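My structure is below; once you've seen it, I'll send some questions.
Labels run A, B, C, D and E following the written order; every chain starts at residue 1.
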Amino acid sequence: MLLYILKRVGQGLISIVGASIVIFFVSRLSGDPIVLLLPTEAPPAVVEQVRRDMGLAEPLWRQYLIFAGNALTGDFGNSYRWQAPALSLVLDRLPATIYLALAALLFSILLSVPFGVLSAVYRGSWIDTLGKGFAMLGQAMPNFWVGLLLILVLAIGFNLLPAYGYGTPAHIIMPAIALGWYPVAAQTRIVRSAMLDVLDSDYIRMGRAVGASERVLIWKYALRNAAIPLVTILGVYFAAMLGGAFVVETIFAWPGVGRTVVEAVFSRDFPVVQAGVLLTSILFVTSNLLVDLSYGLIDPRIRYDR
Amino acid sequence: MLLEVRDLKKHFPVGSGLLRASGAVRAVDGVSFSVDVGETFALVGESGCGKTTIARMVLMLERPTAGAILFDGKDLAGMSGAGLKAYRRQVQAVFQDPYASLNPRLRVRTIIAEPILAHERSGRAALRRRVEEVLDVVGLPAAAADLFPHEFSGGQRQRIAIARALAVNPRCIVLDEPISALDVSIRAQVLNLLADIQERFRLTYLIIAHDLALVEHFSTRVGVMYLGNMVEAGPTDAVFDRPRHPYTQALLASVPRPDPDHQPPLDAIRGEIASAMAPPSGCKFHPRCPRAIDRCAVEVPAWRSLGRDHAGACHLAEGA
Amino acid sequence: MSQPLLRVENLRTHLFLKRGVVKAVDGVNLHVDAGETLGLVGESGSGKSMTSLSILRLLPRQSGRIVEGHIWVDGVDLASLSEEEMARDWRGRRVSMVSQDPMTSLNPVFTVGDQVGAPFRYHGLAHGARAVREAAVKVLRRVRIPSPEKRLDDYPHQFSGGMRQRVVAAMAIACAPRLLIADEPTSNLDVTIQVQMIALFRELQRDSGLGIILITHDLGVAASICQRVAVMYAGRIVEVGDVRTIYRSPAHPYTQALLNAIPHLGQRRRRLHAIAGQPPSLIDPPVGCRFAARCSRRTAQCDAEYPPEVELASGHKVACWRPGPEAA
Amino acid sequence: MARLRGRGLPWLSMLMLAIVIVAAIGGEALAPHDPNGLDLGAAFRPPAWAEKGSWAYPLGTDNLGRDILSRIIAGARVSVVSALYAIVFAGSIGGLIGMISGYFGGIVDAVIMRLVDIQLSIPALALALVIAAVFGADFGTVIVVIIVTYWTWYARIVRGEILSLKEREYVALAKVAGCGTGTIFFRHLLPNIMNTLLVLSTLQVGQVIIFEASLSFLGLGIQAPDVSWGLMLSDARNYLTNAWWAITMPGIAIMLTCLSANMVGDWLRDTLDPKRRQL
Amino acid sequence: QSAPARGSLTVAFAAEPTVMDPLKYSAGVDHYFMGQMFEQLVRPDPTLRSVNWLAESWKVIEDNGKPIIDIHIRKGVKFHNGDPLTSADFEFTFSKLRDPKISRWSHLQASVERFEIVDDHHFRLHFKEGDGSYISGQLQLWAVPKAYYERVGEEGFAKAPVGTGPWKFVSRVVKDELKLEAFDDYWNKEHRPTVKNLTIKIIPEDLTRVAAFKTGAVDWVDAVPLAMVEEFKKMPGVKTVSVVSGNNLFLDFNTDQPNSPFRDVRVRQAAAHAIDVNAIIKSVLFGQGERYVEVGKGGIGYDPELKPYPFDPKKARELLRQAGHPNGFETPCYNLTTPREPNVKEVGEAMFAYLTAAGIRCKVQGLEYGAWINLMRRGRNGPPEMDGVISMMWSQNLPGDPGTAWAGHLHSFVPGKGWGSYSFAQDAEADAMVEQLKLTMDPQKRDELARKIARYKHEKVLGGLTTYRPMITLAWRDAKVDFKPWPYPGYWRGFQEIGLKQ
C-alpha cells in the first residue's frame, strides 16, 4: 500500500513537473512581458534593469530552473497586472472552482447513475431512449449556450434562481447544470454498459435464484459493481470539469480560477497563468490519486501491492 | 532426443514500473524432460501448475528465467536470425481456444499461408496448392479457404488451426489443450485427426491436457506437474498403471468415470493447490499428501528413477 | 406412484433474437422425485441451461420466453405464477440453483456473510443482523467451511475456488429448498476439487430429501452422482432412464455414440468413435429426428417425422424410430 | 414476435451528417448569400416563418444583416475540416503512439504514459488558451490545439486495446509462425483496432465542434472573416433577447451535428463490436 | 442633507480594474474603483464642467518664461484613516508618479521640474516648459496619504487603500466584488452619498448582468447591453441615463512604412468616404454611439464646422483610381475582438466590409486584447509591425482634451520621449503642431491650436480616421435608488451622489 502510494505520488510529481515545463516554455514563446510591464516611454536603461531584476536576461533553461525553484517554495512571482503574488491570486479562487467542479460532477453522477441503471434495466424501452437522448443533448450543446439558456429561462423568465454569484446553494445550481451536463452521456454509457454486464453476470442470476427482489438486486447488489468503472475515471471527469469551468465561470460571474487564468492569458500575465495551470494540474493529479486510493473502498479486490 | 528441457524455470515478477516490488510467481520452477521423435509427450496437472508456461517457452514466446531448451541438440537461447527462422519452421502450435487463435479479420487462406509466407517466397499458385493441400489433410473443402473464421464451427476452426500448423511441414507441434473447448461429440473427430496426422507425417507432439482419460488414450509418455515442478514422468502405461507419486495416485483415483459402478473414492485428496507465489516448503505437495512424513516438509525430494524410463520426485517412492 | 417433486410437461422455451427464434427447449418432459438426482447431459447448446432457467423463470429478460408447457412443483404450476410470487415464495425458498460457473456466482464487492445471509432476509427466515449472521454461520458450517464465523466478513476473492463453490452451494440450500438445480457445478474445476463437490452433493442429497437436477456434459460426473439420467439433444430429451440402464444399455444411437466418443480410463490407443457432423441449428430444426443427419441407423422415416417416445423398460424412455442396442 | 427490435441504421443521423459534409464541400457556392456580405439595412430579419420574415433569408439575418443560413453553410466547413484534421492527425498520431506503447511496453510505455499524464494534467482549455495566445487565434491554431489536446485520448484507448489484443492467441501463433513485428503490427493489430478508431473518430466529431465553440466563446477560436458555428453562437449572445434566431440557429446546427455524429458513433460501436459497449 | 448615511445597495459593473492604487494605475478601467475612493485637485462636475475639488484655487504663473502652477488646497480634508491632507501628500504622489518603475504614466510628469511645498496647504509645480495636458488632465495628481502609504508599503496599500473620497474601502474579492462604506468625515457635505454600504459586483457577461438587475439582485447596473437599451428605457420603474463615454474610436492606417498604400492621402480619404459610419451606429450599435470628428462635442479643439467625410463609395473608388489603384488593393486589417467597448468587434467587421466593398480589400485578422496591444505598441524590439489598417481607440477624457491622445498616435514615434507610442503616422507638420500643443497651457490658445490641428488632421486623415464615441447606458430602479451621475476623468461610474429613496 505504502509502496503503491509512493509510486503513484512519484508519477504524479513527474506529471506536474512535465506540466510546469510545458506551460513555462509555451508561455515564454508568446513574447516579452516587459512590453506589458513598463510604460513605452521607459528609458532603455530602466528596461534593461527591470529585465535583469526579473531574471528575464538569463537563458531560458536557467529561467525555468529559477522558476521551478521558486515555485517549490510557493513563490510564483507577482502578477504583472494585479499587485499581488500570483499564487495567492489563484489560491484565493481555487475553492470556488473546486466547489463548482465538484457540484457539476455530482450533478452529472446524480443524473447518469439513475439513467444508466434504468436504461440498462429497461434496455430498448422508451426509458432507455429518453435517457440516452437527454444525456446526449448535454454532449451536443456547448456549455456556454446551456448556461445562457438557463439564465434566460430560469433567472429572467421565471426568476427561480439567482443569475450569478456565489454563496447560497441556489447559486450553484445553474452553473453546475451547465458544466455538469456534458459528461452525463459518457457516464451514463459507462454505467449502462457496466450494468448490462453486471445484470448478465452469474452473481446477479444467483441472487435472483435465491429470491432477491429486483429492487434489491439492482440498487444494492448490481449498482456497486456497475459503479466501479465510473469511479475509476472520475478523476478524468473531474479534470474535464476543471477545464470546462473556464467557460462557465465567465457566464455566471463565478469567482473561480478559470476566469482569472483566461484574462491572465489575454494580458500575458504569465506568473498567474503558470500558477493557475500548475495548481489545476496539481489538483488533477491529487484527485486522480484520491480516486485510485478510494477505489479500494468500493472494490475489495483491489490490492495496492501490484 | 528431438526436444530436451533442462531444469527450466520461469518466474514472473509481481509488480513492475518505478519501484520493483519483491516477489515472483514461480510458474515453472525447475522442470526437465525430453521428447523423442515421433513421441507424444503429455503434460498434465492442475490448473496453474505451469503447463502453458512451459509450452510458451518452448515456442519462444517467453524467455526462460533459467535452464535450457534444446531442439535437435541446439540451445534455443543462442538462436537468432537464420537459426531462429529454421526453428520456427520446425515447431508449430495449436492452442486451446479455436475462437481466439484465428484472427477474425483474415480469410482462412491468409491464416494458413501466414507461416509459409513468413519463411519462403512462394508463387501464388504454389501457395494456393499448399493451402488446399493442408485443408484437405484436415478434411475441409478447398472452398473453405475463402471464408472467414466466424463462418466455421468450433471443431472446424480447430481443424483450420491444425492446417495452419501443418503448412510448413513442421517436425513438432505443441498442442495446448487442443480439444478442451470443443464439444464432447466433436472432440473425437479432432483427436482422431491429430492421431492420423501424426502417423502420416511422423510428427512429434507435446500435448497439454487435463483430461486424464484422454492423455492415457493419446500419449506415449506423460509428465505430471504440481505447482511448477515435475513430480512424476514416464511412459504412459507405467504412470497410469503404477503411479508412484502420491499426487499422481490421487489424481488418477479422483477422476469420475462414466460408469456408475466404478466411482472414485471421495477422499483421495484434500485441500487445494497452494499459491505459486508462496509455495510450501520441502515437497510442495506435502500439505495435501495423505502419506506425508516429517521429512517432506523440510526436504525437497530429489528426482530419481523409479523404473525403466520412469522417474519421480517423492521421498516415499524409493527405488523401483 | 405418488406425485413427483417436479414435473415438467411439454416445455417449450424460445429465444427471440434478431437472427431468428431459437427454439432452445422444444418440448421437454421430465420429472424429479424428492431425494433423487436427475442428470441432464448433452452437448453444448442442446438446451440444458435453458431448461433449468425455465424452471426458475430466470430466462434472459429481453429475449427468453416460455411459449408452452407446465412446470409443476409440489402441485403448483410455476409457469403461471407472477414474477413477484416467484421471487417471494419460490426462488431460493423451494427451488434453488447453483449456476453454470460457481466461481463467478459470488458478487465480488460484497462480503460472503452478506451474500449467504441474503436468502434468509429475503424469505424472512431470520430477523435482525445477528440472527441472519447466525443462520449464515450454520449453513456455511453445513458445507464444511472451516471456522465460518471468522470468514463471514471476508470477500469472495479471499476464498479459494473450492471454498467459493461451497459458499454458493450454501446460498442455494440456505432456505432448505425442495429442489436444487445445479448447472455444470464442476465443469471448470480441477479434478481434485471436482471430487470435493461431488462429495458435497451426495451428502446434501443424503441428509435432506432434496431433489436435484444436475446438468453436465461430463458423462463421468453424471455417473458418479445421479440416480437417473436424461440425455438431451437439440432442445429435446432423447433418452431418459436409470443411470445403469443409460450407461450399460443405452437405446438411443446418440447416447451410444456419446459413450463411444469419449476415452475411458484404462483403455488406450484404440481409435475413438467420432460422431460425424454437427448438431442442427435450433432456429429451424429439422422436422424429423434431430439426430438423423449424424445417425448410423437413419431411415427415411427418421427424416420425415419426429419419433415418439417409447418406454422400453420401466422408466427407460427413448425417442427413436429404431431404438435398441448398438449394432455390434 | 420482435421483442428485440433490430438496431436499424440511424438514417436520420447519417442524412444529417451527409448534409453537413455537402455544405462543407460546397461552402460558399451553395450559400444563397455571401456569408460575410453585410447589409446593415437587412439586420435582424427574423426567420422566414416568423412574422416579418422573408424567404430571402430563410433563417433570418444577424446584427450585420448577414444571412444566417449562408453563414451556417459556410461554417460547416470549419466544423468539418477541424473535425477531420483532428480525427486524421490526432487519430493517427495518438493511435500509433498508443500502439507502440501498448505493444512494446516497458520503458517505452512508461515514458509515453507519463507524457499522456502530463498532457492530461494540463486542462485542455488552458493549454489551448496559451497556445492560441502565442500563435495568434486562427483556424490553424484551433486545429493544432485540437490535435495537441486529443491525441492522448486515442493513445490511451488504443494502448488499452493493444494490451489485450497482443495477448490474443492468434498474435502468439503469428510469432510461432515466424512473422516479424511489422507483420504482427499491420496484419494482426492494426485491423483489429480500426473499429475502435472508427468509433472514437465519429464520437470525436461532436467533441471537436463543441471545443471549437468554447474557444470561440473565449475569443480564441476562428476569427472573422472565417465563419464557424461556435463563433456565430458566441457573437449572437450579445443580442440574445432581441434576435433569438441568431443564437438558436447555429446552436441547433451544432446540436444536430453533434447528436448525429454521436448517434452514428453509438450505432457503429454497437454494430461493430457489441461486446465493447464501453468507451 | 447631512443626515448620516444608512442602508445598503448593490450595483453591477461589467468590467473591473486591476489596481486600486492611483500611483500604479494603467488603464482607464482602473478609474472605476479608484475614482470612488480617491480624489484629484480638479474634477468635472455632472455637467462636465471642470471645478476645483481638492484644490481650493490654482493658477498658472510664469517665472523666467517657465510656467509654474501654484495651488492652494482645501483645508480640513481628511483621509479615511483620519490623517489630514497636506501638501506633503501631493509631493509624495508626484515623486512616485514620475518614476517609470512604479508608474505607467511617468511621461505625464516629465515636464515638471520640481515640486515646491510652500506650506501645508500650498505648493507649486515648477515646469521645465509648458505642458497643456497637465491642466486638462485634472492637474494629474491624486491625493494619496504619504504617511500611511510609507507605513504599509505598496502591497499593504493595494490590500487596503486609503483616500479622501466619499467611499471608504471595506473589502475586495478580485473578479467578484468591491465593498465600500460611505465616509462619514467626508469633506464635501453637499455632494455625498447617502447610502451607507455599497457593493459593486463584477458581472462581465451581458445577459447575466441584465438578469441580475431584472431579478432584483442588483439595483443599479452599468453598461446596459446595446441591444437592450430600448427595452430598458421603456421598463416601468427603471430610470436610465445614456451618456457618451470618454473613449474615441478610430481606424488607423500605417503611413510610416514607405511601401504602404496609405501613405497617399487620397487612399486615406477614399477610406473615409467608403465607410457608412452612421449606418453602423444605427444598426450595429443600436444607435448607442455618437459620431465625432477628431474631437468630441465640448472638448478642447471641438469645431462644429468640421464635418465628417460623407459616405460616398463612388468617390472613394474614384480617389483610389486617382491614387493609382484602379482595381483596389489588398491589405491586412486588424480587428480587436475582445469586447473592450460594446460590439467593437462587429463594428470592426462592418467597417472592414465597407472598405472591401470600395476596393480596399481587407484580409481581416482578429486580435484578442493582448495581441492587439502587442501589435500597436511602439518601442518593441522588432516585429510584429502593423502594416495595414487597425481598429483603434483612445480616450480623450471628459471633458475632452485630445492633447495626450494626439501625442500618442498622431505624432510620429520617437523612442523614449513619449511621442507616438502608438503611432503609425509620420508627418513633420503634425509633429510640430502636436509638440506646440503640449507646451500651450493657456486655455484660449490651446483651443485654437487644437482646432487647427484637428482641421489639418481631418483633411489629411492623419493619425486615424475618427468614427464614433460609444455611449454607455446606466440603469437603476427609480423607486429605490436616488442617483445622480457624476463622471470622473473620462468615466461615468462615479457614485458621488447615490442614496436610497424611501
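Heads up, the rule we're going with is that a residue touches a chain if its C-beta (ideal position, glycine included) is under 8 Å from a C-beta of that chain, and two chains touch if they have at least 3 such contacts.
Quick caveat: nothing in here was measured; it's all calculated off a predicted structure.
Trainee: Provide the labels of all chains in contact with chain D and in contact with chain E.
Mentor: Correct list: A.
Trainee: In terms of CA centres, which chain lies closest to the overall middle?
Mentor: A
Trainee: Taking the mean of the C-alpha atoms as each chain's centre, how many Å separate chain A from chain D?
Mentor: Whole-Å distance between the two chain centres: 21.
Trainee: What whole-number Å value describes the gap between the mean CA coordinates of chain B and chain E?
Mentor: Roughly 88 Å separates the two chain centres.
Trainee: Which whole number of Å gives the spacing of the CA centres of chain A and chain C?
Mentor: Each chain's C-alpha centroid was found; their separation is 52 Å.
Trainee: Between chain A and chain E, tell me the centre distance in angstrom, where each centre is the average of that chain's C-alpha atoms.
Mentor: Inter-chain centre distance comes to 39 Å.
Trainee: By the touch rule stated above, which residues of chain C touch at least two different other chains?
Mentor: Expected reply: 62.
Trainee: Among all residues of chain D, which ones touch two or more of the remaining chains?
Mentor: Residue numbers touching two or more other chains: 4, 133, 219, 237, 240-241.
Trainee: Which residue numbers or ranges of chain E touch two or more of the other chains?
Mentor: 207, 210, 338, 368, 370, in rising order.
Trainee: Taking the complex as given, what residues does chain E use to touch chain D?
Mentor: Residue positions touching the partner: 206-207, 210, 225-228, 231, 276, 279-280, 282-284, 335, 337-338, 342-343, 345-346, 349-350, 353, 364-368, 370-371.
Trainee: If we count contacts the way the header does, which residues on chain D are in touch with chain B in the complex?
Mentor: 110, 168-170, 172-180, 183, 187-188, 191-192
Trainee: Going by the contact rule at the top, pick out the chain D residues touching chain A in the complex.
Mentor: 4-5, 114-115, 117-118, 120-127, 129-131, 133-134, 206-207, 210, 213-214, 217-219, 230, 233-234, 237, 240-241, 247, 251, 254-259, 262-263, 266, 277-279
Trainee: Give every residue of chain B touching chain D within the complex, in rising order.
Mentor: Where chain B meets chain D, its residues are 17-18, 56, 59-61, 85, 88-89, 91-93, 95-97, 100-106, 114-115, 118-119, 161, 164, 168.
Trainee: Taking the touch rule as given, give the residues of chain C at its contact with chain B in the complex, in rising order.
Mentor: My answer: residues 43-44, 160-163, 190-196, 198-199, 202, 217-224, 243-244, 247, 257-259, 261-276, 278-279, 294.
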